[in-house]
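Once you scroll down, you'll see the structures, which are given as structure tokens.
Shared between the two complexes below is chain A, which pairs with chain B and chain C, respectively.
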Partner chain A sequence: MKNTLLTLIVSLALISLQAQSKEHKISKSSGTLVLAGLNDVTVESYNGSEIIFATDSYDEEVDERAAGLKLVNSLGLNDNTGLGLAVQEENGNVVVSQVSSTCDSEFKIKVPSGMSLEYEHTNNSGGDIKVIGLSKEVIISTTYGDVELRDITGPMAVKSVYGSVEAEFSSVSQSGSITIESIYDLVDITLPSNASADISMRTPYGEIYSNVDIDVEKSEGMRRVSSKTIKGTINGGGVDFKVKASYDNIYLRKK
Partner chain B sequence: MKYSIYTALLLLFCTTIQAQDIYTKSYATNDVEKVQLEFMWGDLNVTFADVNQVEVTYNLTVNGKSVTDAIELSDKKRKGVLKLEGDLDFDEIEEQITLIYQGEKKVTMSKDEFNKRKSSLDKWDMMNTGYDFDGHITVVLPKNKIVKLETTYGDIEVAFDGSKGDHNLSVLSTYGHVDMTIPASISTDLDLSSSYGEIYTDIDFKVNPNYTKRQDCQFGDHIKAVLNTKDQGSIALEATYDNIYLRKI
Partner chain C sequence: MDIEERIIDYINNELSTEERQEVRRLIESDDMAKSLYEEYNDLMSGIQEEPLITPDQEWAASFSESLKNRKVEQRIEENEPKETKVVHLQSRSFITKIAVAAAILIIGILGYSNINQSNQIDEVGEEVYAMRQLLESNLNNSSVSSRIKAVRYSEDVDTQDEDFIRILEKTMREDESAHVRLAATEALKKWADVPFVQESLLMALQNEEDAHVKILLIETLSSIKDANVGPHLDNLINDVESPQYIKDEAHKGIFRLDKNAKIL
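Our next item is the complex of A and B:
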């Protein structure tokens, strides 16, 4: 009886929390999702035909004074989602800008598996992005944020100036090059054992650690051991795979 | 907005309204082009009328008591500007002590009473010293003047019907919100800015394409826009730490 009552109470609490999470959906399953300046965001691929935007708002106060009014910003954009985001279609792509000026916003976006992703963030608040399951092109440029990529394949161009980049590949797509870079923080990559690539890793001021079998480039039968650049092939070679961490370490792991 | 002011803590907490006295004063404006009002304490409510004066009405209680004697309202006329500054002399007002028990129950008393009863009171969890403040300032302004309104700790609400030709209004609240109503049919240049709040409106205006400041959550938002035809007047609203609401009548 006690367990039943406890279960009921917990369930009611969870339902209450879920009911307060806000969502906005648009029908779109191709093209590129372009995220311009969103502070902290998780983008997850799924087998659907809608882009689903969500933010948890159960700890936010509703501004009753703003009832009937719309949120505006200096870019001339209006919140057309109810989540502090402006969503527009431009040239077959979906462009999303943050209208709300709060630095604490966190967004979760589910994107159909046929879509590519572009993310740009330059100011020094927020800028963390987590990407899960995308198999189309991913382009990320963030100044202060950390980048976390899970269950991804490439192709991609990912760069953070002050943040780290962690990437765990489910497979390595051969359809386009992969470039992963952090200027001032570490890069940590995990590859499946059957990944094939022409790999180049460079860190002028850090170290490179790896347990991946790399067939290192040789010159006249000799491999260079005195450089902070490692070039070679994995599993016989494949797509161009460039990794750079200018002032920190590179970690290349096998699953 | 109601306030509770504590000497050791940040300001702006809520309280209750009790019996009030009203303090009213008027200032002629025939000989000035600009009216500038600055109030440290109190929420400001402004309307416009076909009059040749500024009428200021204070409705104020501190610690549940009317404190019109503590109102400091000074006026200066210089170079075509009437400037009114409103403040409170807290030396005239006795502080009160609020004792908090178990995070909820509050017991309030004067400092004198506390000192007399201190040894017999139940042990409190927290003690605050300061003032419970509730102030409302109602102002009626003449329609044909350049107007500048400022509050530090109060909200500002303005109803402007735009009925007298060119206008030039500037409204700033540091810690409160700014809520203004205008006709959607008037022509005006708009300048809306908030460093830590949001900007809301139900009016369709065009953001100035020659001035766009990329919105940044750390540095707020600053919008310059035109409503209908440009260069027909100017409305500038700023709420540094709170929101701006711009509504149509």
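Our next item is the complex of A and C:
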């Protein structure tokens, strides 16, 4: 009886482990990872030479009518990963698209530290993205999804129509430029205390809150107090850093 | 002398041995100084490398032809009232001034040494030309954030030079990245009342598919006082395929236009 129970527990654990370890790997350590239309995804940088795709919740729905057929997405692509993703290499970059537009899986992708990231999501299903630890260029565009960036450096261009953008910088890269925008939701940015930047913040219909020392640009010796645009330098100036939240607030904090 | 100037002099090898050692120690010990050094060094060596390594013959011939034309134009214009091309670099970005200075230097070397032409270009013309070259060369960069950075340089430039504005206008229409088109639209705001810019903004309003760029186009066009804009905004409102947020922004645009009309 004891042995039977033990066997049952081990079997359940193995099944559970198998469910969690659905992975697909491709060998790649440079170029750009392009994610087109993935509903919910976390991308994390690591020291390795493979892109590792994983999900713990993808179960292809069984449609008896579709027996013998393959699911095809709008680009004519099939699932070639077993995770509901179509992965292709194009011009030295890796392009990933979601095969089922109604799939609500959460994807976790580990990328080698030498890779850049591009993410675009335009439909109204999901679209949240979390990015952790990337130090190469990050380009994100969402319509409805929220964007969360942790331990990042830039350069980057991030924009969302309805989603919020939260960005916590570990340091601020001086190459390229940094642009973070949301039209209808907030933008919340945390900078290390030694970050240097030429900063511009604009919110026509929101407020700007900050505890960062900004040397505000003066017009003929006077500060403009009526404008909802603040331009100035942080720690003597540096990279071009633009923040905009058209109808909501901007929060700029220092660590 | 502030730290930026000392770093630039350091890169240009214009400091004494003692001063060089001092700046080198600063770069090694101070993160901000290191960042400044890396940025100025990349920028200045990038500008210097591109045209000097392989001066393209076709380009050189074209530049030579342009100089000849310029001389002819100058002779013709000597007895005519001159249309002034004004370029002011605003104070915000010191690095823009450095970039322009470096570009002028390179163009000077190409123009006067490699192509062996006499010095006939006035200072203002040089500055406009340098800015154009700087903008165009950086807009060829494959990195989106670098192209945005190049477009932002133009925000520090106050000129009515048509060729310069047309580079931005083309970027607004044609760049493959919506982020860069957005930055170019923002940069074009200050020239929005120039007829060809306005026409192009209206055209982009019809063709642009990115929501962010489209909303900025509505905002930009509705801030200028022109009767042509209203019907375009009406079209967006009546278009069954327009998302609701685009219709909402178009309504706000019409409200802004009405407000402008009342002020007039």
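Things worth noting here:
Assume the second predicted complex is superposed on the first by the 218 of 255 C-alpha atoms of A that agree within 3 Å, B and C clash if a C-alpha of one lies under 4 Å from a C-alpha of the other, contacts with A are read in each partner's own complex, and residues count from 1 in each chain.
Assume contacts are C-beta pairs under 8 Å (C-beta built on N, C-alpha and C of every residue); 3 or more make two chains touch, one makes a residue touch a chain.
Remember, predicted model here, so these are calculated numbers, not experimental data.
By the touch criterion defined above, A:Val72 lies against chain B but remains apart from chain C after alignment on the C-alpha atoms of chain A. A simple residue count on chain A separates chain B from chain C, and the partner touching more is C.
In the overlay built on the shared chain, the residue A:Asp198 is in contact with chain C alone; chain B does not reach it. Counting contacts by the rule stated earlier, no residue of chain A appears in both its interface with chain B and its interface with chain C.
Those residues of chain B that touch chain A in the shared complex are 177, 179, 192, 194, 196-202, 206-207, 212-218, 220-225, 243, 245-247.
Those residues of chain A that touch chain B in the shared complex are 37, 39, 63, 65-66, 68-76, 98-103, 105, 123-126. Those residues of chain A whose C-beta lies close enough to touch chain C in the complex are 137, 139, 141, 143, 154-157, 159, 161-162, 174-179, 181, 183-184, 194, 196, 198, 217, 231, 235-240, 242, 246. On the chain C side of its complex with chain A, the touching residues are 3, 31-32, 35-36, 38-39, 42, 91-94, 143-146, 148-149, 152, 177-179, 182-183, 210-212, 215, 245.
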